[in-house]
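Every chain is named by a letter (A, B, C and D) in the order it is written, and numbering of its residues begins at 1.
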Amino acid sequence: MIMSELNLRYFAWVRERIGTAQETVVLPAGVITVADLLAWLKERGPEYAHAFERAEIIRAAIDQTHVPHETPVGTAREVAFFPPMTGG
Amino acid sequence: MIMSELNLRYFAWVRERIGTAQETVVLPAGVITVADLLAWLKERGPEYAHAFERAEIIRAAIDQTHVPHETPVGTAREVAFFPPMTGG
Amino acid sequence: MPTIRVQTEAFDAATEVNAITAGRSDVGAVVTFTGLCRDEGGTLAALELEHYPGMAEAEIARVAAQAESRWPLMGLTAIHRFGRIAPGEPIVLVVTASAHRSAAFEAAEFLMDYLKTRAPFWKKEHHADGAQGDWVSAKDADDAAMARWDR
Amino acid sequence: MPTIRVQTEAFDAATEVNAITAGRSDVGAVVTFTGLCRDEGGTLAALELEHYPGMAEAEIARVAAQAESRWPLMGLTAIHRFGRIAPGEPIVLVVTASAHRSAAFEAAEFLMDYLKTRAPFWKKEHHADGAQGDWVSAKDADDAAMARWDR
């Protein structure tokens, strides 16, 4: 099995709290869904824990399409996390 | 009792059928409401009978305000009759 | 104070919007509605718009006052043309401005529904083949659209 | 085909309307919605609009395609700015054109409700006193506005 690289992108206060807009990670075994990915990221440090402290309000997109947290990450190239949108 | 003069105005196909846009009449005794006025006008000739053959769809305004047919003409200076509006 | 005009000349929506928003920064939402003369598949040469001078302005003013009492508006403009209007030309303009979009949208729809069914204007068709056309009939759908505001 | 743009520059509603209606006479109704930056009683210096490049355009295109499948539109334009925007400046423009007014109004409202809640943009406040402001919170009212289109 090939370890696949995943591009992560953060926006708005998620980006500010983590301190970076973008990073590349290798998905560990056991991370199947977006929710798994969020849980794994929360363990990476206090800045991640702060950004994702209320994981239920965090929105996710896989390859630039909105997805619910139970969606499998699958062969995604890019997963983005951000607060509820406030455009318009 | 003074015989009061009333200005009548007609628009769109009501105007076309009657053949005039405006006329002044002296209200006869017994004409109390807009409906009475319509009924009286219908007797004035075939062009009026044609214009008001379906009196129930004719709209009326007293002194430039929409009114239902049961409204008393009262001391109106101007009564207008016209088809349902099609502006906008 | 709403801006209300009944005129033969064309109008410019951008000018009317600017008259409402220029020099202020509390407006969050501007809606414009422009109603245009359609060619009806090429059969129409023009519409002739007849109106009741005086009452047309007064009725639009009444409708505008109702809109201003129902929604927190920061600007309201309604312009309705009369006379001969060719396909592609504008007939009516409504502009509403508010802090928030729902008020601006609802007020503009309300104004149009009321203008359609209460403002004393009548449309006569002139056909492209030179024949005199009919007076446009009022639509039940327009009465229904107006009735929803009574809820 | 809808016109969709995500840009820093301001836009001109009249130009966008003209691009839809020029040279045709089958359009009966044009609705424009312009969303502007409000000064919040003088406390706001500017809004900083962050967006997700690529996804922003894609999401607006998805919403536009939905609108075009729901209503018989003859034109649809959606432009959303990003970057620093001062009070009084426009942020978003939606233009819809149709034969009839109800389609144009409904499609414009639908687009705005969806843009508000699904397009990946975020607003940060910069206060007039120089202080860094907060990120604007999403409003439940906006989610409720969007939900009504599921009926």
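Rule of thumb we're sticking to: a residue touches a chain if its C-beta (ideal position, glycine included) is under 8 Å from a C-beta of that chain, and two chains touch if they have at least 3 such contacts.
All figures in this text were calculated on a predicted structure; none of them were measured in a lab.
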State which chains count as neighbours of subunit B and simultaneously of subunit C.
none
Which chain has its C-alpha centroid farthest away from the centroid of subunit D?
B
Mind checking the centre-to-centre distance between subunit A and subunit D? Centres are C-alpha means, answer in whole Å.
27
Subunit C to subunit D, mean C-alpha position gap in Å, rounds to 23
Cα centre of subunit A to Cα centre of subunit B, whole Å, reads 73
Cα centroid separation, subunit A vs subunit C, in Å, comes to 49
Contacts with two or more other chains, residues of subunit A listed in rising order
88
For subunit D, residues contacting two or more additional chains
35, 101, 112
Touching pairs - complete list by chain label:
A-D, B-C, C-D
If you look only at subunit C, which of its residues touch subunit D in the complex?
12-14, 17, 21, 24-39, 41, 86-88, 99, 101-102, 104-105, 108-109, 112, 145
Quick check on the complex: what are the subunit D residues that touch subunit A?
35, 49-52, 54-56, 58-59, 80, 91-92, 112, 115-124, 135-138, 142
Which residues of subunit A touch subunit D once you look at their complex with the stated criterion?
9, 11-13, 61, 64-66, 80, 82-88
